[in-house]
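In this document, chain identifiers A, B and C correspond to the written order of the chains, with residue numbering beginning at 1 in each.
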Amino acid sequence: MSGLPAAVLGRVAPQLAFGSRRAGRLIERNIYVYRRSWIIIFSGFFEPIFYLLGIGIGLGRLVGDVAGPGGAPISYTLFVAPALLASAAMNGAILEATFNFFFKLRWQKTFDAILSTPMAVADVAIGELGWALIRGGLYAIAFTIVIVPFGLVTTPLALLAIPAALLIGFAFGALAMAATTFMRTWQDFDLIQMIILPLFLFSGTFFPLETYPEPLRILVQLTPLYHGVDLIRSLIVGVLSPVLLVHVAYLTVMGLIGLVVVSRRLDKLLRT
Amino acid sequence: MSDDTAVALDGAGLPLIHARGLTKRFGAFIAVDAVDFDVQKGESFGFLGPNGAGKTTAMRMIGGVSPVSEGTLRVLGLDPATHGPQIRARLGVVPQQDSLDTELTVRENLVIYGRYFGLPRDECKRRADELLEFVQLSERANDQVDPLSGGMKRRLTIARSLINEPDLMLLDEPTTGLDPQARHLLWDRLYRLKQKGTTLVLTTHYMDEAEQLCDRLVVMDKAKIVAEGSPRALIAQHSTKEVTELRFPVGIQETLDGKLDGLAERIEWLPDRVLLYANDGEAVSVAVHERGLRPETTMVRRSTLEDVFLRLTGRTLIE
Amino acid sequence: MTAVARILEHRALQYRRTFRASLFGSFLSPVMFLAAMGIGLGGYVDTTGNAAFGGLTYLQFLAPGLLAATVMQSAAFESTFPVMGGLHWTRTFHGMYATPMSPLQIALGNLAWIAIRMTMVATVFTFVVVLFGAASSPLVILAIPAAVLTAMAFAAPIAAFAATQRTVNKFNAIFRFGITPLFILSGTFFPIASLPAAIQPLAWLSPLWHGVSLTRGLALGTIGDAPLLALAHVGVLSVLALGGIWAAARTFEARLVRG
């Protein structure tokens, strides 16, 4: 066991502008916690897989080919699978960055205790986000492996779906953490649910963007999960285009904004 | 980068904590108002005062988690504004509210906390076991934190604050809310730390706690320091040797106007009793009876810090 | 029964604070689901897969099934975390037990409250189904009690289990390994008939499949085509609900007596 956190830490602890190895110690704390309740992490693998079996394959057999990235028709299963990976990356990061983060911030006062040590506010922000990414990364790897036997992986580019899923987790995780610092009660999270659901349903996840009339299509293209879905779908199908850089830039900027906001807000909340 | 390695900076003769004109404002509200104090190495120093006097805010500033609004503050010779992590590396903090990690076991709480200080994992484990022994929680090492009693949680928090072998301990209301037995056990552990030469800084609104643990203390009220000295010196300076407490049947106290005049150096009227300050309390109680007054109970006791506080602020410590 | 009514009053009072947001949510989420899956995805299904849905549009097929699936999800939530709350976190059920109320009344009262909440959710959802033009028979109104029966077939046994727990860890497993796969694989999104013939009988093991069959039959007006099958669905769901209530009464009692 003792080698694992150190290994994870060395590789993953993000060395961002205000980061440091100290953030990795918060990740170590979370590894301790989940060592006992690994079933929670483990069970998270299955949700996207159930969706893949049900919607992608069960329903997919009844649906013909749809237009994939670049316009060429692809099977519905191949169309849906990458979108499920992107949504799972979003959901996983948000779950960690809202409920679990809120519990530690407001209820358990975990971060107050941590700030009495040499750890700094930025370490807390980066450590928590880093943990959400590790968790999301595990799911992304597992999902990518699962879709191989379904014949959905035909190009080595598909491997890039894993870092792409991490980028989605980073973008949504950071922004959701920033939002959580403004939450006062558990009920406030209903609002977040009401944002996630339409993103999940309408971001070109279950049907192509071309279905929408022009104004709606532009609206969807402005929302973040669309960029994540199109990025991962293009990589798994193996169609590269300059648009992918726009997706990457959009998600990176979103994550960085979230990280700056969350650091500032934590400073305000914890260091008064 | 070698981050939180402690730097030896407390030069000879410099106090561990040095505050001048230390002020904390929250908007228009002044929580700590231009206070001066020093804490020397090896000393046990207390902030005594009622809730809301500014003690916790002062502690948070010393702990480097609350930015100073105005004035000078040096902790271990360093400025918390610029050297927060270096200072905190050498502090042990026991916050007013136990902030134990309920998702971890008793022992893991200590180990992980040590990791936050950058201690090697094996060292954390070794110290954790040692500290659990010290706070008498070894049998509970692998239990969850939630079911522990209030006193046990408090002891665990103290063990946690000792994981980095701090030069300076900050204890905010260490025994508030505990039953008498748990308090005495805790005092005993703190007393041992004091004996070993650990510098303790604590806040309390219990005068018995201040008397038990503090070599020297400041009395705080409404964001200001109103007195400073050792418990004994403060009592000698601001109160008489003894106090006679009289309790009258309901409704009688209000009719006593003037009837106690001249019996003591000073008389305090509390809602439920009358306190007569004099060096010979027995004599006072005899004199009360000679005046034909019949209190329900009469008690002669020595002056305490409670009396000092009452004298200085006109209010009691615990409302 | 007056004791049960008092518990309902208590829960209604608590609910008043979150009433608006929750009702808003139970209206918006079916609207979004039906718009995305029924209309957006439905456009593709209808051009190719029409035959598998017996000539129905995908929206007509999906909407009533989603009604049953959604109340199942809500019921599972209402019978886990709030039960843990009342017995463990805030201990309000222990507070009730300190009054003349019996454990049976406390269990019944809370299950009755869940039934009321699920009636609200089902009514709003059915309204949305009609709004989308996905109902083709006035019998759709009976889909509301059918959905509530489905909800209770889940809520009562789950509440009975929740009363035996001291942490929420196993709740996660219920959702991840129970509710989610049932949601997706019980004939809500595609007909069981399109599954391999060998595994089709497994549908009988899914309480949600019975619920979906009922709500769909009622919304489409086809329930009368196989009255015995419909009765069997009602029978299975009733047995689960009643058995759950019996079990909940026992586990609530055990927990309250133990303290």
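One rule holds for everything that comes next: a contact is a pair of C-beta atoms (placed from the backbone, for glycine too) under 8 Å apart; a residue touches a chain by one contact, two chains touch by 3 or more.
For clarity, every value in this text was computed on a predicted model and none was experimentally measured.
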Of all other chains, the one whose Cα centre sits farthest from subunit B: C
Chain at the geometric heart of the assembly (C-alpha centres): A
Distance between chain centroids, defined by C-alpha means - subunit A, subunit C (Å): 29
For subunit A paired with subunit B, centre-to-centre distance based on mean C-alpha positions, whole Å: 46
Subunit B and subunit C, separation of their C-alpha mean positions in angstrom: 55
Touch list for subunit A against partner subunit C, complex: 37, 39-40, 43-44, 46-47, 50-51, 53-55, 58-59, 61-64, 66, 76, 187, 190, 193-194, 197-198, 201-202, 206-207, 211
Subunit A-touching residues of subunit C, taken from the complex the two chains share: 17-18, 21-22, 24-25, 28-29, 32-33, 35-37, 40-41, 43-45, 47-49, 52-53, 169, 172-173, 176-177, 180-181, 184-185, 189-190, 194-195
Residue ranges of subunit B touching subunit A (in the complex, touch as defined): 1, 3-4, 26, 60, 63, 65-67, 84-86, 88-89, 91, 93, 95, 97, 99-104, 108, 111-113, 115-118, 121, 160-161, 164
Subunit B-touching residues of subunit A, taken from the complex the two chains share: 2, 20-22, 25, 28-29, 32-33, 108-110, 112-120, 270-272
